[in-house]
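Report on one structure; see the data block that follows.
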Amino acid sequence: MPRAQIVGATGYGGLGVLELLLAHPDFEVTSLVARDDAGRRIDEVYPHLTGRCALTVQTAEEAQVGSGCDVVVFATPERVSQTYAKALADAGVPFIDYSGDFRFASAADYALYAARHPSVRETAHGAEALLGRAAYGVSELFRDRIASAPIVGNPGCFAIGMILGLAPLFAGGAVEGGSVSVSSVSGSSGAGKKPAPLQHLSHLNDNVVPYRVLSHQHVIESELTLGRLGKAKGATLDFVPHVIGATRGILSTMHLRLTKSATRDALFARYREYFEGERFVRILDVPPMLKGQAGSNYCDISLVVSEDGRRVVVMSSIDNLMKGQSGSAMQNLNIMFGLDEGAGLDRTPQYP
Amino acid sequence: MPRAQIVGATGYGGLGVLELLLAHPDFEVTSLVARDDAGRRIDEVYPHLTGRCALTVQTAEEAQVGSGCDVVVFATPERVSQTYAKALADAGVPFIDYSGDFRFASAADYALYAARHPSVRETAHGAEALLGRAAYGVSELFRDRIASAPIVGNPGCFAIGMILGLAPLFAGGAVEGGSVSVSSVSGSSGAGKKPAPLQHLSHLNDNVVPYRVLSHQHVIESELTLGRLGKAKGATLDFVPHVIGATRGILSTMHLRLTKSATRDALFARYREYFEGERFVRILDVPPMLKGQAGSNYCDISLVVSEDGRRVVVMSSIDNLMKGQSGSAMQNLNIMFGLDEGAGLDRTPQYP
Amino acid sequence: MPRAQIVGATGYGGLGVLELLLAHPDFEVTSLVARDDAGRRIDEVYPHLTGRCALTVQTAEEAQVGSGCDVVVFATPERVSQTYAKALADAGVPFIDYSGDFRFASAADYALYAARHPSVRETAHGAEALLGRAAYGVSELFRDRIASAPIVGNPGCFAIGMILGLAPLFAGGAVEGGSVSVSSVSGSSGAGKKPAPLQHLSHLNDNVVPYRVLSHQHVIESELTLGRLGKAKGATLDFVPHVIGATRGILSTMHLRLTKSATRDALFARYREYFEGERFVRILDVPPMLKGQAGSNYCDISLVVSEDGRRVVVMSSIDNLMKGQSGSAMQNLNIMFGLDEGAGLDRTPQYP
Amino acid sequence: MPRAQIVGATGYGGLGVLELLLAHPDFEVTSLVARDDAGRRIDEVYPHLTGRCALTVQTAEEAQVGSGCDVVVFATPERVSQTYAKALADAGVPFIDYSGDFRFASAADYALYAARHPSVRETAHGAEALLGRAAYGVSELFRDRIASAPIVGNPGCFAIGMILGLAPLFAGGAVEGGSVSVSSVSGSSGAGKKPAPLQHLSHLNDNVVPYRVLSHQHVIESELTLGRLGKAKGATLDFVPHVIGATRGILSTMHLRLTKSATRDALFARYREYFEGERFVRILDVPPMLKGQAGSNYCDISLVVSEDGRRVVVMSSIDNLMKGQSGSAMQNLNIMFGLDEGAGLDRTPQYP
């Protein structure tokens, strides 16, 4: 039974993977690391865990990152895992990271991302030599690589919804000019646990706020990934994220033109074929809705085509804390350890 | 593996127990019965079930209530199960019912309830002879009786929160005059799936609406149950329910005076002892919160005592669709079939 | 002081204009007409009006539509005002209508709309001869015509946000191919007061639901209006509305390419110039937000241009019940009666 | 036209009174003072004020508190106005204060409050000599004193709802033992603009959280006020506040026993008589609801009596930012300056 250590355990990302690992038949959680709440029991930090987990949060110094475990989950901000990467690689301890640190194949790609990120100051990567050993954690597209990589860069929450929603079309070279206009709405939990003006209830309740219009960092990994799939020749995403007064979910509405006209049936057939056998991608006849995947690892996708068969709207929806974060991490951990890919993830969405 | 039939399968109550039974290691769902959506697949009615259940909803005539199953779950309105009760009893098929039909020990008790219920026209019970064979489904209090009864009357959503929150004090004869003032807030899902003015989003969003002030029907079963516990000599609950612009949860704030002053420590000790070994009752050091049990079967309880040790505020919180409805039903089904009481119910609350 | 009669007075649209007229220095409300609540006082239907209005709702027969008033406001469903139009025209009583009945310059234009509308069965107009005497009620664009027309077709809630947001670019012939991709989010109140599954709180709370994707009827008036402005040569809007779990507001995010590249400064200058002197259009430096206009008649607009100066995102936001409905109606009534255009509309948005 | 200076102008309290003063026919705002946003224009801090107010926020040093104005509004935290009080009194500049600094008739009363307040360290008052010149700003009860006092202590948001809701019964000596159990729900805006864990949307959305159970500081002014009204002989309020995932509103549900039984009609008559002529108190036949006063200065009250006529539930509801804060302040300012008491406050609640 593999033993996992969670670094950044008291943020929403750490909490999410902790809950999944606790319920997993084949994983054990050995230590919780976090700076802010060190010394407190996790069920004091989160009373809803009463009776479910009584581990005490430790500092990185106390717990020793990478010690006494078979894998480390970094649910940490940008550039944290970079500082531990070499030591873990030398010690032969694999890890998965929630930030953008290991989502990119090269330092050049990373620099594009770092330059966009509002809290990253430096564009040079701190562990460039290891980028070649990392896999980008979109399980459905890069399963084989994830299975053998010692490092997995878990995808950005907006990115995975766009990538899964558009992959069948980009892979087939079907997107005119590789150009897509995307409007996404996201629940507030994507911004994490730390109070901030934008996430203050009195401000965000009943509200929809566009932000980082045409400048959000998740576009970089999405464009690089989609633009290199199959017959694709690059991708340009005009992306507008909006944060809304809900807790969970990301729904992306994506407008594009096809290189050749297609019928609804043909497009649905393409999507169903592309994702055949995938347990966590569902192609719906009706548009997906924001809370239709709450608490589950599903990515729901549907599409509508114009009467002339040339213009298409693709919609994808996920729980940003599950498929958009901890669920994907759990799925990738299963792949990394050769376990059933859906283990610990067999959950019906919470509705209503 | 017991086979269950769900009648009223397409309401929130039916949906809830369906999801629990689907994930249960030891139950099988054989048929779904509902009037409104008969002929449709359940995952067309509820797209979030795509890939999880593809049963087709049937009419009562098609499915034949009680046929091909070992238990029937009536997730139906008042007075439906009464009409099937005798036939099922004769056939030896046990059932559990979500309405008030079998929550009462006598026709006289039932009449008090029926007279209060806004949608019940008649106070005479339709299957009076069977009331003596029914158990009231508060698992923690009536476990033994539930285990042997062929009929279980699942408790009202407000009732179970009040009963569990107050039982340790009533059982000890500690409530002055047996009198408690209760204000409860409930998510809108308690009113079910059917659109109605009070549950219309534009009306209820950001709103809190008191209703049936001092006249709600759930008071009857609560007063009768609490008033007959241990050393209790009757109970009077001044109960004010409020519906709020949230989907799930019932939080009850209960004010009372003690017959003798007590310290915080003594009261907490009494509660912890009373519920010792109970898996779904948690005594919290801090006040419970409405969404702290979402998606789980927990009832969280805490209390605060005044400086003079005489006045107490007890707070209890549940997910109204789980412990307040389908979770209790699942727990009772486990008891009825001699299974592990927590089977299929091992769920961490969904937070944030 | 002009006297107004409101038909459809107990829906949200009627309520909205009633509140504005009550607070208006120069209007008097003489009668309230509605089918459903006839015989009740309006402050019984809406207790928040207690102490503000005690008129009794009447049937159309009791009140006689057009009688004892100087203008009729039809806050009614599609095809109601058509049936009264000729009689009112003959009697010389002007009216304003909230539905699509009088938004179109010709029967052919109307037929395009009617064919799209989910609740309209017939595409032939019932008062075709009067279409030529009606004005389309986007006050900022058609002020002169509104001032002299006996009939005003108040714009659709989505339409006015798109039209005001895009008018400066279409008028200048600056939109490549006349093609725009639009994603809009709307509060639930746009669907009115009548309970329905999509607007049921348990369903819509915390939710975002795309609907009528590429087929919403408000596109027709938007395309016809924008496509005929200034140097525009037609317009094609790929429009995806989403209803969300909030009560008020419509925020539209609109993606387009420019025929010639432009700087941010040049684009802002164009917008500020185009709307110079307009009291209810505000050009913001930052993206507008859904609740930034709540309770007011403002349309807030901002835009972001890509680094290459060719791709633009325009965002507009309104209170759907004000600028998107009753506020525009009040503004048009002021214009029709030669009053100060902002009378009764001088309101700060309600924030937070 | 009196000139007002607002200190603490960029919090929700300052914003609220600014908006009311801007729309007031007889007041002028001369300066805005705030520490955090000094140097910025108020419409940059709050973009929804674009086109409505372009004053630049100043530091207290720049603006000189009390200079160039006829009244100062302190929308500031505890113990700020105490430090300016003597200088303003000496200069003859009246002021109104939002904190608890001047709500109490004596230093002893204040000390009870200060000891309860979570952010007040010291119980000694900093301007004790001036307490005797201050009025407690419940306009309906203390109108005469407010009219002549140079200092007004604006009431606490929970307090005013409890006091108005219970005053007719306490004044008549009708409350058994002077004892009331109160559960209140409050929108998050009562906690102000500053981000904090409890007000973080991901935590508070869909949530109800009891806090400071039996220990909230607003109880002090409520008990002191009610216990000294008419025939009252003291008051004991067992008060449980709950914060909920809504922005505005406080609804209080209050349980008590009558000293003598009374009919519903008699109780309603007593309430209507007590508040006769009051413009901002409405006695409703149906229970008030949280958003029924949004944006207005109303306090809506209703009550239900038990069948035996002895037990009563009183419910009161206000907009916590209006009657619970800035609306009361505006009403008191009108009284202080001998203006029409409702000037600038004639607003219909925003519904839906």
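Each chain carries a letter (A, B, C and D) given by its place in the written order, and its residues are counted from 1.
In this text, a residue touches a chain if its C-beta (ideal position, glycine included) is under 8 Å from a C-beta of that chain, and two chains touch if they have at least 3 such contacts.
These numbers come from a predicted model, not from an experiment.
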Of A-B and A-C, whichever chain pair has more C-beta contact pairs: A-C
Distance-maximising chain from subunit C - centres being C-alpha averages: B
Whole-Å separation of chain centres (CA-atom averages), subunit B against subunit C: 46
Centroid spacing, where centroids are CA-atom means, of subunit A and subunit B in whole angstrom: 37
Euclidean distance of C-alpha centroids - subunit A vs subunit C, Å: 39
Set of subunit A residues in contact with two or more other chains: 12, 187, 189, 193, 202, 205-206, 245-248, 288, 294, 352
Of all residues in subunit C, those that touch subunit D in their complex: 12, 15, 19, 22-23, 46-52, 189, 193, 205-206, 247-248, 279, 282, 284, 286, 288, 292-295, 298, 300, 346, 348-352
Partner subunit D, residues of subunit B touching it in the complex: 181, 183, 185, 187, 202-203, 205-211, 213-214, 238, 240, 242, 244-249, 251, 253, 255, 287-291, 294, 304, 306, 311, 313, 315, 352
Residue ranges of subunit A in contact with subunit D within the complex: 12, 187-189, 191, 193-197, 199-202, 204-206, 245-247
